[in-house]
Each structure stands twice: as C-alpha cells, then as structure tokens.
Amino acid sequence: MAGNSFGQLFRITTFGESHGGAVGAVLDGCPPGLEITEEEIQKELDRRKPGQSKITTPRKEADRIKILSGYFEGKTTGTPILMIAYNKEFESDDYLELKEAYRPSHADFTYEAKYGFRDWRGSGRASARETLARVAAGAIAKKYLKEKLHIEFISYVDQVGNIQADIDYNAVTANDVESNIIRCPDQKAAKKMIELIEKVKAEGDSVGGVIQGVIRNVPAGLGEPVFDKIPADLAKAMMSINAVKGFEIGTGFRGVALRGSEHNDPFHIKGGRIRTKTNNAGGTYGGITSGETIHFRVAFKPVSTIKREQKTVNRKKEEITLSAAGRHDPCVLPRAVPIVDAMGALVIMDHYLRHRAQNS
Amino acid sequence: MAGNSFGQLFRITTFGESHGGAVGAVLDGCPPGLEITEEEIQKELDRRKPGQSKITTPRKEADRIKILSGYFEGKTTGTPILMIAYNKEFESDDYLELKEAYRPSHADFTYEAKYGFRDWRGSGRASARETLARVAAGAIAKKYLKEKLHIEFISYVDQVGNIQADIDYNAVTANDVESNIIRCPDQKAAKKMIELIEKVKAEGDSVGGVIQGVIRNVPAGLGEPVFDKIPADLAKAMMSINAVKGFEIGTGFRGVALRGSEHNDPFHIKGGRIRTKTNNAGGTYGGITSGETIHFRVAFKPVSTIKREQKTVNRKKEEITLSAAGRHDPCVLPRAVPIVDAMGALVIMDHYLRHRAQNS
Amino acid sequence: MAGNSFGQLFRITTFGESHGGAVGAVLDGCPPGLEITEEEIQKELDRRKPGQSKITTPRKEADRIKILSGYFEGKTTGTPILMIAYNKEFESDDYLELKEAYRPSHADFTYEAKYGFRDWRGSGRASARETLARVAAGAIAKKYLKEKLHIEFISYVDQVGNIQADIDYNAVTANDVESNIIRCPDQKAAKKMIELIEKVKAEGDSVGGVIQGVIRNVPAGLGEPVFDKIPADLAKAMMSINAVKGFEIGTGFRGVALRGSEHNDPFHIKGGRIRTKTNNAGGTYGGITSGETIHFRVAFKPVSTIKREQKTVNRKKEEITLSAAGRHDPCVLPRAVPIVDAMGALVIMDHYLRHRAQNS
Amino acid sequence: MAGNSFGQLFRITTFGESHGGAVGAVLDGCPPGLEITEEEIQKELDRRKPGQSKITTPRKEADRIKILSGYFEGKTTGTPILMIAYNKEFESDDYLELKEAYRPSHADFTYEAKYGFRDWRGSGRASARETLARVAAGAIAKKYLKEKLHIEFISYVDQVGNIQADIDYNAVTANDVESNIIRCPDQKAAKKMIELIEKVKAEGDSVGGVIQGVIRNVPAGLGEPVFDKIPADLAKAMMSINAVKGFEIGTGFRGVALRGSEHNDPFHIKGGRIRTKTNNAGGTYGGITSGETIHFRVAFKPVSTIKREQKTVNRKKEEITLSAAGRHDPCVLPRAVPIVDAMGALVIMDHYLRHRAQNS
C-alpha cells in the first residue's frame, strides 16, 4: 500500500480514476518562490491530451488543470501544491460490458486479485489518465531546473513498430520534436511511422515503439548510491508509466556485445574541463552524473485495447469474446513523449534537492 | 543522501567500502521466527564470491558472513539483523596509482564530483564487493518466500557478448544453472561463452552479457500501483547493481514491433483457474502480479577494469596512460546471477509484506 | 520539505491554506472494501467546525467534505482517497492589516524566515483549518478499527485554565463527552470551564487547557521499537496539532516523583488473561501495546489570537500595535477533541497495518 | 516493522541486543569531509556509560565504539558510517530466571505479544544499551552543527523525584552540567538529588526525574510543517528513549493556565534583529524555529528494575515473586543527559539538511 507517491524531497502523490470525480496530484517539497502559471503547466498537458491529431484517440477528456493550494500571487509558496483536473460527466452504461470482463493484457484481473473488487468504469485507477498528474508536476520541475541550471528535457519517438529513426540525440531541439504529430525528429521515419499507425488503426489493431530520453546540462555529482542511483531511479520512473516494458541507459542491451576496451569512455580535457570522449555510459558512472548528456530508451508495448475481436474470460470464469467499443489510441508513443520528459524531470529535480542538502 | 536503503517493510541498509573495515547490511523488518543458519546464507555468498572458477577473478576476498544481532536460538527475532563480512588486511600501496587517476567508465571522477574526495583504495564504496550484503539479505528473503509460498528464484546467464543461449525459462531448474561455471543451462552455448571469456581474458579485455531472471509461483495480487509497480521496483533493483545498463520484462524491447493482437495475453480457464495462454507481459498487468511466472532480462556492460592500456586523465587534469595491475573478472555474469536472484527476492518479499498489511 | 505526510502504510498528505482554493487530504493505503459515507465523515467534522456553540468562534467556514477518488459504490477501493473541502469566497481586504505584521506567537515571522514570503490571508498554511483534513482521514481509520477490532477513541477536555476535572477515564462514554459544549464529562467542572471561557472571551483574551486521550480495546503487540514506539508516534501526532505544547502518557510528568515500587504495574491473571493490576504506563511497555487502555494527556496553550491590544513588529522592523479584528476562539479545547481522536486513530491504524505485515 | 531508523536525510538505523554480538548504528546521509575521531565520539559515550559514579549501576559494559565504514583519512566520506560496539562475553545462566518471567513494567510481555518469542538475555532489544548507538551518531551531528552554525546542546537534570532545581536555562554551560555526578547545575539541588538517589538505592528501589533540554543558536526557519514540525520531531525523538513518559516544550503543561495575553511572546527589535521579548513558546512558532533558544522538558519514570520483591506472572500464567539480582541504576537521569543531547542533535541536523535542500 501507499505506492502512490514518487520522490523523496520533491514528492508527488497522485490520485484519481478515469471516471471518478477528478485526477491530480499533491506536490510536496517544491521550493518556494518559483513563478509559474496554470497556462505554462497546461502547455505540457496539451502535449499529452487525447484528440490532438489524427493518430491519437479522438476521445475528449477534460484535461484542464487547476491549482488549489501552495500557490500565491503567481508563485509557489513552499507548501503542498494541489493540482486537479475534474473528470467530465459520462454515462456509466458505456462501460457496462467491461464490468464483468477481464480484458486481455489489461489490469482488470490483477486489480481484482489485489483489491477484491474494482472501479470498472474505464480502466479505473489503471487508466493512463493518471499520467496527466505526472505531467503537471513535471512541468513545475522542468521550469525550476531550466531557470536554475539550464537543464533541458528533450525526449522524442525513436521507433514505432519496426521503423527505427536515425537521429543524433545531441542535435535535437524541442522544436524538432514538435515538428510532426508523431514527435519524431527524423522526418522520413516520421512519415513512415504515421503511415504505419494509420494502417494499424484501420486494422483495428495497435503497435508499440521506443522513446529516446535526453537530458542535457545536468551537473556532475547528482545521484545517491548504492540504491538511489540515477539510472535506477530513472528506470523506476519510466517503468511505472503505463505500457512500458523496458528501459536502457547509454548503450544498454546493445552494449553487452562490446569489449570493455570499446565500451569504456576515456576521460580527456576539453575546454579546460574534464569530459569523456564517448558517452556509452549515458551520462553516469557508479550511478552519479558525469556532466555529460543523460540518454536512455524506453520501450512501450502495443496498446492492449484493440478493436479486433479477442477471446478471454470474465469474473464468472466464462469464456467470452470482446472487442473494444470506445475510441482508443492505436499507438501511445506521441502522447507518451511529455510523460517521459516529466518523469525524467521529477527524478532530476529530486536528486538536485538531495544534492543541495548534502553539499551546501 | 541516505540512498543506501532498499525496501519499505523488508528494508536493507548496506554499508562498507572494498578496503575499509567491513561490508554488510542491517536488515530491518524481517518477520520473527524464521529458522536460518549462517551456513545457508554463506551458500548463496559462495555463488557470488571471487575465485570460484577459472573465468572469475582469482582475487581472494574474505566473504565470510557473521550475524551479530536480531538472531537468537537459530531464529530471526523480528529486530534488526546485522550481517557483516570483515575485510582482509591489505597493502594500501597496491592502489597508490589509483589515488590520482580517473579510470575510464569507473566512478572515480563522479564520486569526487559528488563528495569532494573519495576512498581511493579499490573502488571504495563503488566496489561490487558491496553486493555481498545484498546477497546475504536476499538469502533470508528467499528462504522465507520458499517456505511460505514455494516461490523460486532461478536466474541464469542468457547471453555473453554475441553468444545467445536458447533456453525455455519455464523448464530451467536450480541444478541446471549450477551445471557449469558460466551458469548458463544451454550447455552448447555455455561452452562457447566460456571460450569467449577465456579469449577476452587473454587479450586483457572484458565482455558483457545478459542475465535472464525468472521468479515462479508468485501469487496474483502483489504490487502497489501507480509507482511501486512490480516491474518498476524490479527495474530499480536491477539497475542499482554495478554494471547494469538495461532492464526489460516480458517481451521488453522486442515486443514493441508486435501488434496488440499478437502481444496481448488472452485469459482462459486452465485447471479451474484463470490463467493466460501466453505470458508476453512477463507476469504482471498494471504493475500487479498475475500469478504467471515473472520473467525479465538484465543487461550488464563489459567490466570497466581491463588490463589493456587506456588513456585517461587524473585529478590534476593531466593526461595519463593506465592499465589495471590487479586481478579482475573478464566477465561478471556468472557471479552476478545470485545478485539478480537476491534483488528479485528483496522486491518480492517487500511486496508480499505490503500485501499482507492490506489484506489480512 | 515534504513534511506534509503522516503515517507509513496508512498515509495522509494534507494540503491547503485557510484562504486558498481548498483544504483536504489524499489518503493512500486505506484497505479496500470499507463501507463509509460522506455523511459519516461529516459527522466528525461537525464536532470540529467553528460556530458550533457560544464558546467557539462564530466564524462560518465551509467544512463540507467531498470524496473525489478512491471510492466506488459506497466503498473504499484501496486506491488514494481525495477528500476536499472548498474554501468560501472572501475579501482579501479583511486581512490586509496582517500583510506586514508579525502577530505575537503566530507563525507569520517563522514562515517568512523559512519560505522567504507567505500567504498572509488568514494564517495561510499555519491555520488550524488544515486539521479538518486530519479529522476526515481519522474518521475512516476510526470506522475501520471499530469494525475490525472494536477499538474506541474517547478523548475529552480534562482541564481549562486552572480548572481540573475529576474523571475516571475508564468509565467515560462517547455520549458523556458530547453531553455539554465544552466536551468535559465532569458536569460540575464543565460548568466552571464554560464560565471561565465566557469571562476570558469578554476580556478579549484566551485560555489554554488539557485534553485527555483514551484509546480502548487495542490488542497487545502493536508498536515498532526502537523509534516507532506507540508513545513516540502518538507524541509526534499530537505535537503536530496547532497550539499543542506538551504530551504525556500514563502518569507522565507526575510519575517522576514516584518510586519504582509504586509506579511498576504488576502482572496478574484476570479472566484467564494476563493483565496488569495498575496501568501507570498508559498502555504500553517498551513502546508496544500491552492490551490495556492507552491513556495520555495533551497540553494546549492559550490561543495566540486575542482581541486585546498587543505590541509587536512588522516586516519593515517597525514597532506596531495590533488587536485581532476577526472572530476567534477564546479556547480551542472543545473543537480540538475530535482532532486528538483523529490523530490517535491515524497512529493506531498505521501500526495495525504494520503489525499485519509482519504477523499474518 | 522497519521501525529502527530515525531521520530523513541524516538517518540512523540502530541494531543490537544487550547480549547479542554487538550494538551499533549505520548512519546514512552524513555530509562528506567532516573531521572527527573515534575519541571524540567516545567522549560522549563515556557520559552515558554505566559505572561512571556511585549513583549509577556498577555494571561494566564494553562501550568502546569502532568505525568500520564511511570514514577515510580522518574524515567522513559521505557514504554510510558503521559504528559498532561489541558486547562482552557473559554467562547466559545469569539471566535464566528471566527466561520465563514477565517483569513488571518491562517489555518482556509485550515483546512476546508482538514477536511470538524474545531474546530473554538482559532485556534483549528493549535494553537501554541500544541508546549508545544514538549517542555515537549524535556526537557526529553535534560536531557538524557546532562547526557550521555554533549550535550548542546543553541538557541537564532539572528534577529528581520531588526535588526541583532552580536554574536559568539561558546561563548554563557544558561545564556546569559536568560539575557534579547528577549533572544538575544547581549545586544545592544536586546534593539533595544525590542523597535521594542513594537513599532510594539503599531501599532497593528507584526514582524518576526530569531532564531539561536546551538548544542554542539554531537559526530561524528550520522545521517542516504541518507534520514534521520541530516540536513534533523532538517529541518523537525523546519519547523513543527508554523510560520517557512525557515531553513539553516552552511553558508546556504549566502554560495552559495562562491567558493568551500573558503567554504570547511579543516581537521587538534587539540588536537590529527581530527577536521575542519572552520565549514561552520554547523557540518555535507554527513548528518552525524562531532563532530563539529551544527549551523543553523530558519526563523519565522510575526505572522498572528494582531489588525489592515484586509479584508478577510468567509465560505459563503462574503467579511468581521476583527481585532483581543484577546491578542496576536506581535513577537513569545522569546517564540520560547525553542521550537527550544526542536525540536533539539528530533532529536539528536532519532539519538543517532538509532546510538546505529547499533554500540553497
């Protein structure tokens, strides 16, 4: 229990089901005096919201965030910040057929195994709608880190299905990411990805992909070994996002085939500073940041909700046939980009505060 | 700071540097009344210890564990368990050349960036010697979970360099894993892996690989969404192990290329119970265990310490040339198998206790 | 930072300022399946609300609680429960004179010392309005503990100013407590207390007092030495309430004058069970419950807000004269009784869940 | 479970039973670079050790502390510090009569109720010997806070039995406290206290008392409302010490009889700074430090172990008669003074680090 908080010093606790009264987060530990507006937060949320393009679900959700505490005269006060988005009214009847069914690869069955019963409207607490709370809190962290340290979070879509983009993560800008609806800065690959998603959608199916995470300008020295290492906390953050099945930092799974002499990143002097010639590690050694760019990849499985008919069972142990009635994303990747950024920002912000505690 | 504890209710705090007085762990939250001996714990430690075969470092370490508290008349008492392994006397002079150097892809530079200075003997706190404390605590968790729930932890080496084993994770036994010195149940692949490691060693180099983690008989209903999901906590646990660069559960990175209709695991009735036909998810939905086997993969980079000459810099910002004098593992995989098992056991044990809190 | 959560497994995070958008709590870790209504929670809140009698502030506040998540078909779902009470619209101008002033014994000065600036409307985050969130969460804990274990929380006013009631804590019922507006079951003392409060109010002054806490039917064996002892966690819980300056359990400060031979509680057999003849300890030994009634006392200072003129300074370091314009409680004791009950319930509930984790 | 840690950022986890292998602590989160020696820590431990005067137990214990990790070249390294004191060999037979007995007001019964069985040698984990680990960690915090901020911890004995000292807490020095064996700076009262303790000892009995805690030079702005307020965390810290039954800060229980107009501390300008004329609050408002001296009182019950015969029961539910055979303290107050200092230092240190995280 009590698994709904993330972070030690910059700590969010999220709440809400897809069809309850509201979703949102309490953010405890935000430094006082940060100037930020609801509009700035909303901007990040709009990158995540449904219905933003032809390749995302046309479902409409009320993703409008309100700040109800911890905020005064345009600034954070240092006290807990409640950010809330009310859910729209809806007809429960739309979901009646899900009341008894265990949808394949959804959390219906496991939530019942754990809690004895479940809020069966939409996906209840297991709905990805919860991630809007993360994006809202992440927007605050991003602003703080940008102002204090010029840290940048630039994630993008690197792969959809079998289509792999060819991108230099060092060169990508925020504008590049927003230059197309799939959020892939390789325009050729982006075009193919969009075509694939449209095809998959037409087939009533779904497809997965990989998001590349990039974090620039992180100072050397962040991270708390031996457990709260930066790669460990990033991995936890990313693996807690709906549909994520894998995380790798630096060369990751590809790096295992290299020799140590190839994989090691030699130090040299550049611009008077100690830098590494290569960055196979992905920006950390021993779990502590090196000052080089943090880069990692996050694997998203194909969305579980599909229109095609599937066989499965219900709570009465009857075998049934199911096909999704509602409107769903054929591919979550473009909407997941701001979530990856947000979770990255929560991790780095928390570690930056922990670092200050120790070294001031 | 304070990043040296892992777990909420079954909580270890490890301590110790490679060449300080001792390494070990305090385990707080172990249920009382578990019968266990130092010998049972030692058995797991012996799987991790250096010098166990021709493909591990011939370095000798004092890995003998002592229990100094929380233990009475052969049983755990429910109070904190101190497990300690004293370090052998050694000559600091052996490490003098490391005092100033920043070894490539080691944590020398980042520890200094973080802490201002470092214990330069061996790798100090960044040494993998710390993991013996994890294995000791994991041995207690494994015994408890085996007795209470028949849970089994059966990790093995799945890949070394480019050599990929071909193994049915459902069929592997603990004896299969121990049947060769590389701990790979595919005997043909094992032979090639050993040859590769010997070759790499002869070249003064190192090589990476992948460990497959397998956890059987976990009951449905463990896991604490939305952050403390089982895959998220496993990812953090594994990514906190030295040299780990990637984690994937179920189909992981390979699964992104599949369609939802291929990837989804349909439920059916088997033996009167609700089961899934496939297990692409790797044993969880929505972060909660399904009752199916948990299976995941952990990527280890090639060891950073190599005999071959490397260029790098020292703390005076001088460019230097370095080659490892000591005795080191050309490949950590065989010794890392019990560490993966132990971290898995710590995660499942913690979640089992959290589950009991809620559902008794 | 991040000091706005209480509890390990049954964990509340409160938010809200007296004149921001809302106050409330997220409760994470509530077991699923508890039947409870907003009305049952409201009942406890009504015991705390202002304006309930002639001796409390006539100020009107919107203390109406709403549950917006973690709740479905009349039951808790096991996911985070958001309870929220919206603040009424108000005129900021009412508080303009407080904008610059540091009121004596208020938190105006210290909040600015800590956060750099403060929400000066009402008392901002330091307002006792925050405690309504605790009472709401406590109502859930009380209901659960009553249903599962028949545990009762029966606090009452034991002293106001110099007027000390004469009450057998073992005999008091919930009805006794509610039998008068001061919530003191000794009717004679209650009459005197009410007279004193009216006199103090007429003088534009305030007065303090002591609440006796009583918790019955707690099973033996709760508590987590050596730090999370029941008396330690109760002390923290009570000392975190606004205006509390002291806590004692059992004989407390009076007991120091006794000899060990007088103070010790001998065990004997009663009704076939091991009981203690006396209960000077107040229901715990070594920080663990004995099965006897937990009894403790909580000291509340006189309210800082008074109508009488006071000298003080403002943020410009000017000496000023101040007298409270608004409507305030001359004595918080009657309204604080449900807060003491609630904090007691949060402590016992958390320890009960921790106990189940270990002993199931 | 897992109740053996204290602090968020400066975090100790203690371990050990009175007659197991060792007692000690792991301290995680100590800033790197603090120069300190085992001898400096030992000095504080010697103030706590048994046998230091005619009014403490003549029992000899091995209280010699060793640092085995997190320490290099005379300085803390920022990694976990293991401090350990090995227990002396002893004859278990000395305690055989305690194996079955439930000593009055001891934790024998409650530990068995909680854990099912117990280490019955000495008082096992419930022994006050555990507090040496707290004093060792506190010594590190004291040194750090003294060097960084000139903070002083000057506790002393204020009351023994009915004998109340008359002391101005603002004037007391560390030397004053050490000027007599009872650690009471009022020499007249000290003489009477010593006589009382000797009388009580001769009678085979014990007596309680009160320690006054004083913390000077704490900067304004420490404390984390609404739960982790300084008085709340101090209360928890003190109430977790063996034999403590009460805590009050500032005027505490006496203050409840005052009017607000008497109790309030008006601000004024002194030496160009904002100060309070009185300090009835004890150094905090709204749970945050004001910059004035923190002063509080801690009530210790008479020690439970007495030589006089007492009736009680054993685990077989037989009524038995018991008298303590060993050597025990007739009054713990003089030895508890360094424990109160240490716990105060742990609280302030932790809050200082939390403050730095937020405000750097």
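Labels for the chains are A, B, C and D, by order of writing; each one numbers its residues from 1.
Going forward, a residue touches a chain if its C-beta (ideal position, glycine included) is under 8 Å from a C-beta of that chain, and two chains touch if they have at least 3 such contacts.
Keep in mind that this is a model prediction, so the values were computed, not measured.
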item: Far-end chain from chain B, centres as C-alpha averages; value: C
item: Numbering shared by both copies at the chain B-chain A contact, with half separating same from different; value: same
item: Inter-chain centre distance, chain A versus chain D - centres from mean C-alpha coordinates, in Å; value: 46
item: Centre-of-Cα separation between chain B and chain A, whole angstrom; value: 26
item: Centre-to-centre distance between chain C and chain A (centres being mean Cα positions), rounded to whole Å; value: 39
item: Two or more partner chains touched - positions in chain C; value: 1-5, 8-9, 14, 29, 31-32, 78-79, 114, 116, 125, 225, 353-354, 357-359
item: Touching residues (chain side chain A, partner chain B) in the complex; value: 1-6, 8, 14, 102, 104-107, 109-111, 113-114, 116, 125-126, 130, 159, 161-162, 200, 203, 205-210, 220-229, 231-240, 242, 244-253, 255-269, 274, 276, 280-282, 284-291, 297, 299-306, 308, 310-313, 317, 319, 354-355, 357-359
item: Chain C residues within the chain A interface of the complex; value: 1-5, 7-11, 13-17, 20-24, 26, 28-33, 66-72, 75, 77-82, 84, 114-119, 124-125, 353
item: Chain B residues within the chain C interface of the complex; value: 8-9, 29, 31-32, 78-79, 225, 353-354, 356-360
